[in-house]
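Here's a structure for you.
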């Protein structure tokens, strides 16, 4: 049982988090934030709280709860 | 005469190559990176050398070596990088090594910003390095002059065995404008003083600025001063536009002269008697024409993107502080046409303030 | 006759290119022209813009403070520059990305759903050309054909196969406002 | 549920100006976490370089000085000599440190100056638009090596850790990478150790971090991380090049 | 008040320490080596730091760090080394870091010689580095002033948060003269802006000169210019000796003022009406007193060990070129008392030439 | 009787300004002999440093440039790029090369610039009156380390050959000494080899020569040579630090 | 009253020291004084010289171009400076090393066989003091006792045991010209 | 059978040659040259032409014949 929070406005849509999520539950939103970036969103429920996404995010967009 | 659109920086680079420059040493810095990047692509095509130095200090000393060895050599940088070159520049003058140094100036002091600026005027014209020395300093007013003056700069550098500086700014460097390029010149001027290896000469050549004994150093300086006097007499260039019938002559160079030109063309349509005096050489400064205009009763407005540097030379030329007004923008912003227009209006007899 | 134009948008939307094409086109028509980019840290991620002047006279200041033409590819650009546009001027904006419709006295404003139109032509990336086409249609700053010639010179050879597509986008934008 | 990964205290909440996917951001976070961990935020002083990290002072909630290009080790020296009890670190790119700033880094290192250097090696001049760096790989295309770096005319890349390891001064030298979460964890440990050694008064420490520049490499951020792994790491081997005997383990 | 014989360089170093300077960063260069060597011995005795930097570039950046961190910090060098510091100096001004920089000038340009010179005047006063900036520049006239002005320099540097330069030369530095040393001062001025670690402050301190956006940079420059204006209004110092009744006022500073003084004392014995105006601050320049003297009808002779640099500021002050005559010696030699005497004689009404 | 030891042709007949017993003079002669041996006098260009050898151009009968302090490798680079067929050498002291000129020497070396550097290490700033150099030994008294070099505050000496040997650029690096006739012969061979490699286009070569400064060491010339042997050589081990495989033996 | 003095000789002959002693002695007598060395590459091996001014007035130029006193410790120094000496001035030279005896109108010239005399006192190195003593005897620029006090301050403590010897040399030179 | 020549005017009297001569046949003259240096002279006949003296002389004062 784990979950993440996403600070959408900080996200730059680089997709690094997407590339490392072992559960493949991250994806890019259709929407854009005020900077013009498609931000990341969770697309599945199976978060294991590994924090890979958070660690690789250059913009410290993600916080992890477990 | 085909016109091509080029950034000022690239026009300058191509102009240098067409003028026979075959050696470039430099270090990246905005807003002049188009020059080394252009050279990196282009030099191999013409059999020349592009080398990115480890620093501006190293670059200017590579220039010293290449110029001393007889190469037609260029370096370019922007304000902080030019500050780092000051020791090297002083050496180049002292040892009489010809070369061309480009300063695509940006805002200062310190790290400053990438915005255009004219606040390196003192450094270029009075000598940022140590000792009594002068550079021939050209200030292009458009992309075409970027091409033309760099060619002239190499010829003059070698004629006088003195470094020549092109002082321009971020706007002139980044702006694209149509230019007509001259044909590629092959130059191989005779440089009997260059260090090439003795090659049978009876006396070795020496590139040097050392005068250990005071009298030796004095002799070196007397020789240099004589050369500067010749440059001062023969190398003044300027553009005078509508100054004869003007009440007010605006003095401005480079980017600010363009803003002034826009303002003046509006004012002329309104039948105001305003002229433009644009120094093309910042050193030697067009003292005489200014003195003559002052003698003819004109007043002057100096417009600079600085806190007021060239204005000192205008006052020294005019020799009457009361006649000279200054309008400056501090590093970072460019005066708008409207600001200049308003300032001129306020100075014109019918403008109200007088 | 002098055109003073600002092209603005996100980095990557190709606003620098359309500015250069305008200037190049003007030159090909024998005009005096300048193109001047805003640059520096702004370039990265944020917005980008450039000034273009096309004139019968030698150009003085290359920096356009009060444009008579504005091409705005996104919302922030429109917000930043719209009030500077001179009375009698023209604003063309990309309505695919901008929701608010501004109203400015004495300024002609034209919305172009550029992303949609570009997608219709099969390539999202040519939304800039659609907007440019519309701008040309409204201002006649330079002829579409001059821009097409300019494309040959401005685009690197390996991209020349894209010229017909760009052309189509230009003409689509142009016809949008002229037909 | 407990927050197991949180925004570091020593990092300001501002959005950075870095390009999407640029690993400068990861390295910033690791530095901030080390400062948090060691509880030194109130006595830390950073030196920002001229390079993409020129605005680093905007992102750390500690005192900062902006150094001239390449001179951060000299500035750090000046600061440290005035405040020996402060924790002083410089954050420098490869152009800054290994090109124009080569004399300064070597001399700070040989002096054993008790400072920490975070050296971000992305094999290119990021800020100025992708020119060749002293660390640019043979054959790599940059805006000033448009035909690829030609070792015959411009020579070979410099391996900074190996170079500094010939000096007697440094206490700790390690090269790490941030191309995947595992390596990021290791990088974090190295950075923490470098600061810890300074706290313990052990002298000069430097962590070289292999970092990406997707913008100037012309790659997506994900491709760029793969490039680090597949191309950079083989050329710039990871590992410890100097460690003080007295301080053992990762948790120093 | 015990008098001790000291070399100018050593007097300056001891003066700095007595004024509370506890940090020195420098690189050896003749003719100022007595300063670092003195500091190397003396700093450990007072709990201060002497560190020989790897270069002048590094030294000035150490100064930036130490000054930014709140230390009372000094560096010294001579002409080529000062040229290398120009980028750093521009940064120091831009980031408003107080410090004192000493130039014990030697002959240039380039490697030049070890002989004394006054040819770094432009560099010191107009800004050898990039951007619009000013240093407060003191020119000591004897060993006692080496002591006194360095103390003042630290106080002013911190009062204005601006670097202060002491411009002197090989003769002033190498010469021994009796001096009276002030007592050791303990100074700990409040520097709330210094980077010390946050230590509970809510906002971090920042030492910086970056203004990425043009308007930011403009704001920085407006602030700097306001400061320079205050300095110009409040910090002028000069020594006027017998100028009231003089027909001719000789303007000279530092070493050349001493030669002039010798010549004038001979002339006074011969009842000639000659006075000496010795600028102690080269920037701000004593413009007003010169303007007043000019208004009172005096003529001026400027004597420099250079090709003519300060003379421009004299003309700008007097605003009448015709009134100003220049006598310079080129780097490497010092004017003799006789040369100056003869030149003054030639300018006096009864001297014949008029 | 045959003259078996003669004044070299490439040396001018002028008297030098060096102090009595200063080994700069020996090194000058060895360079001149190498030039003579290889028959390259007409195409050799020297770069003089700022240091005691500032007047080197007075003593060699070849073209010369006087470089700014520390910048001789950059000047040499400029010259060599204009005249690739010329034989270009710089002659530099330890202050010049290892302190202010550190960035220039490292980058010339890593570029593999085809020049020869004669590096005269006398552990002190001779010309300016005996200040501390980057090569000054721990504990050594100089005018700027009057209490002896304290490694705790000013750090450790730099071993230049070892440092440069970490770079891929250099073709040849050797440290030699001139403290007795046998070592002088070896030093001469090394210098000759360094020039020969340049003639062969092999790239960057540097010979570090341990040299005396009787004046600033406060010793007689004879004592000074003993000091090299007993103190310097143990700290700065003699030997070859890099040699190209292609060129073997002393007589390359 | 102003004394302008040049002391010159080979490096190592101690001419800088006697110059400093003169200046220091002057200061101790309440005078204004300056001492200025020639320096630089000349120092090495070649000749060295210094200028000393002792005056009742503040000293202007510290460089003596036309001395009224010259102390020449060797031949080259004598050759270089003798013609600059003002009429009425004094030259004291070390005749142990100088063979030619110059003649100059209006200048008092005094030969001191300093090396021999110093050797008699048991130390070659104090020839400078012998010459200085003779110079003081002729010019009375400062009192011998002031020089003796100055020695205490100028010489480092570890050399203070040499002061009696220096004193003896001074007095020997002094008596040579006064007795 | 060997001998050396000495260019007295160049000699700076450093005595390095004296210190290395295996035959101990070099010594310093009582006389000085124009630079004020006591120069070197041969004080014995047994020169073996080893050239040690010449090699170590910093001022290239000595040439050797054999």
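Order of writing sets the chain letters: A, B, C, D, E, F, G and H. Residues in each chain are counted from 1.
Simple rule for what comes next: a residue touches a chain if its C-beta (ideal position, glycine included) is under 8 Å from a C-beta of that chain, and two chains touch if they have at least 3 such contacts.
Since we're looking at a predicted model, the values are computed, not measured.
J.: If you count the contact pairs for each chain pair, which pair has the most?
T.: Counting C-beta pairs in contact for each chain pair, the top pair is B-E.
J.: Let me spell it out: compute each chain's centre from its C-alpha atoms, then which one is farthest from chain B's centre?
T.: H
J.: Using mean CA coordinates as chain centres, what's the chain D-chain G distance in Å?
T.: Whole-Å distance between the two chain centres: 62.
J.: With centres defined as the mean C-alpha position, give me the chain E-chain G separation in Å.
T.: It comes to 34 Å between the two C-alpha centres.
J.: Hey, how far is the Cα centre of chain B from the one of chain E, in Å?
T.: Centres of chain B and chain E (C-alpha means) sit 29 Å apart.
J.: Indicate the whole-number Å distance between the mean C-alpha point of chain B and the mean C-alpha point of chain F.
T.: For chain B versus chain F, the centre distance works out to 40 Å.
J.: Would you please write down the residue numbers of chain G that are in contact with two or more other chains?
T.: 40-41, 45-46
J.: Give me the residues of chain A that touch two or more other chains.
T.: 12, 35
J.: Going by the touch rule set out above, which residues of chain B reach two or more other chains?
T.: As it turns out, chain B has residues touching two or more other chains at 30, 51, 54-55, 57, 80, 87, 91, 95, 110-111, 113-115, 208-210, 212, 334.
J.: Looking at the complex, which residues from chain D come into contact with chain A?
T.: Residues in contact with chain A: 1-8, 11, 15-16, 18-26, 29, 178, 180-181, 184-185, 214, 220-222, 225.
J.: State the interface residues of chain B toward chain E in the complex, per the touch definition above.
T.: 57, 79-84, 86-87, 90-95, 105, 107-115, 117, 119-120, 122-123, 126-133, 208-218, 220-222, 224-225, 306-307, 309, 312, 315-316, 319-321, 329-334
J.: Using the touch definition from the top, list the residues of chain G that touch chain E in their complex.
T.: 20, 23-24, 27, 32-37, 39-41, 57-63, 65-66, 153
J.: In the complex of these two chains, what residues of chain D are touching chain B?
T.: Listed in rising order, the residues are 50, 54, 66, 68-70, 95, 99-100, 102, 125, 127-129, 131-132, 134, 143-147, 153-154.
J.: Please give the residue numbers of chain D that touch chain E in the complex, ascending.
T.: The contact residues of chain D facing chain E are 41-45, 47, 54-55, 57, 60-68, 71, 74-83, 86-87, 103-104, 106-107.
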